[in-house]
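The next part holds the structures, each set out as structure tokens.
Next, two complexes with chain A in common: one pairs it with chain B, the other with chain C.
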Partner chain A sequence: MRPRLSLFSASVLTVVLAYLFIQVVIPYASMWIADRPSPVTVPAALTVIYMLLVFIGLYIYITISEENVREFLQPILEFLRGGETGVRAGLRLGLLALVPLLVGWITYDRLAPKVQSLTGIRIQHPTIPGQYEKLINPYRNPTDDLVKQFQQQEGLDGIGLEEARKRLVGTALAEGRALYQKNCRVCHGSKADGSGPMAVGFRLRPANFRDPGTIATVVEAYAFWRISEGGRGLPNESSPWDSAMPRWKEELTEAEIWKIILAEYELADVEPRKPEKLE
Partner chain B sequence: MRWACLILLMILLTPSTGWGQEKGASPGGAGAPPAAPSPQDLQAGKRIYQKWCMNCHGAQGDGAGPAADFLRPRPRDFRQGLFKIRTTQSGQLPSDQDLFNVITKGMPGTGMPGWEKVLTEAERWQLVSYLKTFSRRFARASAPPEPIRIGTQLPLSADSAAEGKRLFREIECFKCHGDEGRGDGPSAPELTDDWGAPIRPANLRKPWTFRGGHTPEALYLRLQSGIAGSPMPSFADSLDNEKTWHLVNYVMSLWQDSSGNNPPLQVVLKARRVEGEIPAQPGEAFWQDQEPFYYPLVGQVIREPRLFVPSVDGVQVQAVYNDRELALRLVWDDPTNSKADAEQGTFEDAAAIEFPVQVPPGAKRPFFLMGDAELAVQLLRWGSSSGMTELNGNGLDKLQPQSESSQESTAVGEFQNGQYQVVMKRPLRTVNTAQDIQFETGRFIPVAFFAWDGSNGETGGKMALTSWFYFFIEPALPKVTYVYPALAVVIAGGLQWWVVRRLRQTKMD
Partner chain C sequence: MKNKQGVIALLVAAGLVLALPALAAAEGTYRSFLGYDSRITIWLIAEIHLMFGAFVLGVPIFAVTIEIIGWKTRDARYDKLAYEFTQLLGGAFGFTALLGGLLTFALFGLYPKFMERFSEIFHDVMYIYAGLFFLESTTFYLYYYFWNRMADRKGLHIFLGVLLNVWGTVIMMVANSWAAYMMSPVGLDKETGQFIGTVWQAVNNPLWHPLNFHRFLGNVAFGGLICGGYAAIRYLGAKTPEERAHYDWMGYVGNFCAMCGLIPLPFAGYYLGREVYSASAVMGNNMMGGAFSWTFIIQAILIGGIFIGSNYYLWIGMHRIPGAERYTRYIKFIEILLLLCFAIWLTPHNLPLSAEEQVIVGGQYHPTLKYLGLMSGKNAVVNLIILLTFLSFLLYRRANLGDGIPFSRQGARSRGVLVGVAGLLSLIMGSYANFLLSLDPVSLDLPPETAKYFVLPAALLIIQIAAVVVTVVLTFWDRGKIAELFYCGVTTVNATFVLGVYGYVIMAVANPFLRNLAVTQWMILMSALVLVTTVDVFLFKGAAQVGEMNWGKMPLRSQYVLIAVCVFIVMLIGLMGFIRSGLREDWHIYAILQDASEGSWTPDNAVMAKVVSACVLVFLAAISFLFWLTGAGAKKPESPEQLVKGDTSKAASPPELLVTPK
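Let's turn to the complex of A and B:
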């Protein structure tokens, strides 16, 4: 028969496991469920409540019978009543000295002026404004009209429609890459990894497009909105006052922005999210 | 079961860097260069070049891609076959491995990034082969370039550094790099590179900006090979192995942190309370004892007029306060002491600290770039010509000095050997509460920093900056903070002693 865990050890184990569950399992589970880039920590107040529930549960369980109480207390009493010499005595002395010091430290911690927590919650991807929602990138799968227009402009009547479409996309991509290196490189980096030379000065770092949590999770229309309106276009829950992202609609044409988007996804080696089917 | 737990624990505790490391741990990634590139290699190299390099280095390798005008130093023109970061002797071509390494690591302090994370080793070798087609020097070379032999290293010691310091004067490094190495030597302003662009001598106290890295070997190689295309010559003729190491050791002795890495950024700038008068002179020994905080500055590239190549790349800040006033000491490197002169069209050097006028109760605050229409900021600004000014801003183009009567800040600034040191003071509380921030202890106050280098054409919106960080004025600790915990220890100890004694006695019975 397997030896049963003593009630005292079982109680301690329960408390430790409950704490780990709250501090580790819940944050990672929430990250996975809510699709966040980093674990979501449980607020301190909530942790206290959860732990309190664990303690109450344990208390009820232990005090349910006289016998349980005795079993629970036994190892404690044994430890405190142990002999005057030996390892156990030393251990007891150490533990007994530790308790008052701990109380003192907690008191100090309570009194000392608190440095408030600086981690505000920032919504990285707020809802896209309605007027941008339905836009699609004309250069990703150009319409026949756009291709024919391109053919006329470039004098490419001799080649087939499909060949012209490929060339149009190729030209748009090349232009987009150049516009990206000219305008976006300083912050988002030549490699689209958010490490441009100016990135270090901004506490809200320029987005790393290679990170699966940035442009890979949004549709192209969303990127178009963010590039057009910049940091100032963000709602308050996304801290527009901290965002260095410029408002590009004042300096770039819509066509240029779409070309940059094409290049931005290509350089970052990620795909945009597919828009939901339009009814 | 125990074993399983132990193994799990070991896996969890193993630093992630140790796992899944790329093959080839030697510097820059090993792998022999391909003996002779195949046409396919060149074709692949060209394709990669057109995707990643062309927009800086130009389709023809002439260094004139569309982004080139935003970079200083400009992207390399590959047609002359001049390369800065070499292990080969003065005047010679780089080895293939040199090119591979510089592509892998990039060139710190320039627009040239390292490509290790984005391009595979094979792709980087293909680029090496392709780059060599831009200059005929490579095809013409009859023999491979001769490497520099690095002799026995002299370890860094005070004696060696002192000898290096003597050599630094003797062979006139200071003429370019300045007396204290901040790149402010007398010949510095006139230097141009081989392509006719102005170039600055390195600030030897900022090794994280060295183009070829800052290991002792890298410095040794730069001194022996020179930096081709730049005015920095090879010193192979005047420096033997020993002297070279003395100079390397002297350069390394100038660094604040022996690792040579840039100072860590701290999010919260703390002001400590001091009793009595705060010294107004920035050179006072008092300031050596105050904790320094470092903030990297970057160019203002958010709105026109933009600054793509800022001169000041960081500022060190110290803050203290007493019962009346707040004092902030700013230290930053700037190679020249420029003055405002309307006739000559030159601008002054300056630095500023920004606060919101109203300390926000919630998260909402003014836009970090000089505020916005809704919320105003206050600037404490010191200029090399204009001295101290308090300004208010509601946007980059809506920045106004306060009226004469409301100017309550003072400052003392000094310039020496390529460095500014400024102490600014302001009363904690002022009369003009509508325009002035009222400093309170124990709160997080948004703070941002700006710097202008007049000789770099920086004025108005053309400046170096940070976004919001935090400023925290540490409250003085009241006495009870120490008394109560002591009392708690005594009471808890006594109580515990009584309980345990009772317990042990009941056992005896």
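Let's turn to the complex of A and C:
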């Protein structure tokens, strides 16, 4: 018959393997998948969550039945109740001495003053001010008035309204691309992936618009607000935001910002979130 | 004593309705409560009122269901249990009404201008509300006090129970319309913001039904787990094996009812969340990605605790079932999968990071784990969590059953029912597949070329229909267990793996379609729950029991789990109450009537935790007191022998399951 690991040993092995998986496998797999130069550590908060789940899982499995509880406790009780002399007694004494030392060390480590940065729980999408909420990108689906205005400006009276609309969107997109490359590229990157030449200079890296959790999850009005007001326009709550985003409304016109937004979504290959219809 | 409480509550409610106009005319925009923050005052009263409300609306739903089961099966133990559940309601009814009265006083006293504006729209509905409350209370007292007298007119008594639920549900819906209107007001003049619509328009506002669904299911789960907690405490203090057996069974039934409400609850929550987003993109963003995003992590932890706790309770319970050893080896696989799902469920997109970690990770998002934090990942695993919990119930159900009559030897009725269920499921899924294939992307504000993204979910629904056919054929061929396994497997692959991953694609290129994707996932999953349950019922039809259920033989830790999940759900309802109401931020009526009081700021998580904890503690203390009163005031229940009237063989222990195959 194949030798079977005791429940106690299997539990210890599970904890060790889970920890190695979190601390070694995930970082190296992330390095390989994300094409990073070095392993990408799993943050401490996540490690705690995952390890806690491992311990909860083990607790549940062990305590589901009385047999499991007995089997798990058996080696512990044997160890604690073993003989008075010999190697096992020495080990027991050492382990029992180690427990208060460990508690003391953890207490010291937590209380002793040291230099460390705070772990912040940042909010992903700060609250958009009401005046921005209902804004619509005029170049996404231009109104007839805007198209006619464009026709007059460009002397395109000879073409139909729909053709002029297409040209207006195309022109806005082209201008937006140029404006993006001129103003945004250095931080957000030429592919809108948050890897511009200056990106590494920031502690909080510029947003990667290709990440489906960034601009794809917000309506265009939201992007308009963030570009217009920049880091300085972020609300007081949940600060520090650590955003170095300039207040672009001081440099660009509203029309230019909307054009950049058009180009930004196109470049990132994502669609803006649509204000949904109520059912 | 409970009679008096009820009468006082009725008088308070009637007095309030009459006093509303006078109170509303009071001068001043805002007042404080004895110098204390008016918003926190309202928050505390409203939340505790809501908790009692959830309890008194949730418990009658399953009390009358259990009574019906007792009536149909002629098993007096169900009737006794239903009575005991109803008994718990007595004091809670009075408390709910008194808290409702206090809330009304406080609202008119502390926010007179807001209430003036509010009662201008809803004053007619307020009278109806008071009338409904009168009907509900009267029906409750008739239902409760005539329980024994109407023993020989059970049909009429059950009618009263159903009526009680109807009044309760309508009351909840009326109150929901007010809360929903404050979030999604309609019928307004766009220039002046004045209300120009009808009362019905105001009641039937966009968030009304999403909130109704969510609260209805939430109330069932809440009531079930509170009763489970009550049963656990009584089990821990039980003196005799009979008492232990009874409260063990009661705890199981409470947990079972709660899970019936909890299983569809994530979908109702998703529906509500989507409609909140539709009502206002700002509220939507604040909810999942903004100021309230971390409260959703806490919510995930609490929901995780409830699901894990309920499964754990079932798994422990299997050890008191003779024959369960045939299935216990599967538990570890269910547990591992469940915990893996929760690991994904609990992973935030936006991580708590130190500056050093930000540098290593290269920003705010982990390059690979960030995908687990997005809605698609969550939707995928929640489907699997529900399916796994369902499998736990399935194993529990069949634990002490031997082989049933082979399906091929069962009558035409069984075949007819199975084919009927399969046909209905196929029809529903087929209709939705057809809808997806004919869906015009422009109706979702998407470009026409995105229609190609609708094909895969429709194709999966058709595959699912094919799987229904295979499942039915296998069952006819007496391979029911394989059929169940096959259908669950196809469901897992389609709903979790394929559509879960596909959700990321849709998020990026056609996000309004995510709503339809979620409906597809839900439909596939629900088809599994319905079809597999049907197959399972026939699979074990006429099955002999391996042995008698050992009710009352549960280790004490199982009862502490029931108490823990009871506390979790009270915390959860407190937290969700904060989120729903807090989403309005500094608006009494969203984007219409601004809250200009000193307390209009959005509380941070620390303030939220303190106030919600206070609500939880007060509610648990009050409900414990009421339960104690119920126990102290009630006369000794009739012995099971008396109730069964001669059938003493069943008296000592409750039935093996809530629904036993006959």
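The rule we apply is simple: the second predicted complex is superposed on the first by the 151 of 279 C-alpha atoms of A that agree within 3 Å, B and C clash if a C-alpha of one lies under 4 Å from a C-alpha of the other, contacts with A are read in each partner's own complex, and residues count from 1 in each chain.
Rule of thumb we're sticking to: contacts are C-beta pairs under 8 Å (C-beta built on N, C-alpha and C of every residue); 3 or more make two chains touch, one makes a residue touch a chain.
Computed from a prediction, not measured in an experiment: that's the story for all the values here.
By the touch criterion defined above, A:R203 lies against chain B and chain C together after alignment on the C-alpha atoms of chain A.
In the superposition on chain A, A:L73 contacts neither chain B nor chain C. Of the two partner chains placed around the shared chain by superposition, neither chain B nor chain C is touched by A:L13.
When the two structures are aligned on the shared chain, A:G120 is found in touch with chain B and with chain C. By the touch criterion defined above, A:A255 lies against neither chain B nor chain C after alignment on the C-alpha atoms of chain A.
Set against each other, chain B and chain C differ in how many residues of chain A they touch, and the higher count belongs to C.
When the two complexes are overlaid on their common chain A, residue A:G189 makes contact with chain B while staying clear of chain C.
Touched by chain B in one complex and by chain C in the other are residues 116, 118, 120, 203-204 of chain A. Per the touch definition, chain A reaches chain B in the complex via residues 77, 80-81, 96, 99-101, 103-108, 111-113, 115-116, 118, 120, 177-178, 180-182, 185-187, 189-191, 193, 195, 197-204, 232, 236, 239-242, 244, 246, 251, 267.
Across the complex, chain A is touched by residues 184, 206, 274-275, 277-282, 285-286, 289-291, 293-294, 308, 312, 315-316, 319, 328, 331-332, 335-336, 339, 342-343, 346-347, 349-370, 373-374, 444-446, 504, 507-512, 515, 555, 557, 585, 591, 602, 604 of chain C. Considering their complex, residues 26, 29-30, 33-34, 36, 40-46, 49-50, 53-54, 56-57, 60-61, 63-66, 116-128, 130, 133, 194, 203-205, 208, 211-213, 216-219, 221-222, 237-238, 269-271, 273-279 of chain A touch chain C. Taken in their complex, chain B has these residues touching chain A: 51-52, 55-56, 65-67, 70, 111, 113, 115, 117-118, 265, 267-268, 295-299, 301-304, 308, 363-369, 372, 442, 444, 464-470, 472, 474-475, 477, 480-482, 484-486, 488-490, 492-493, 496-497, 500, 503-504, 507.
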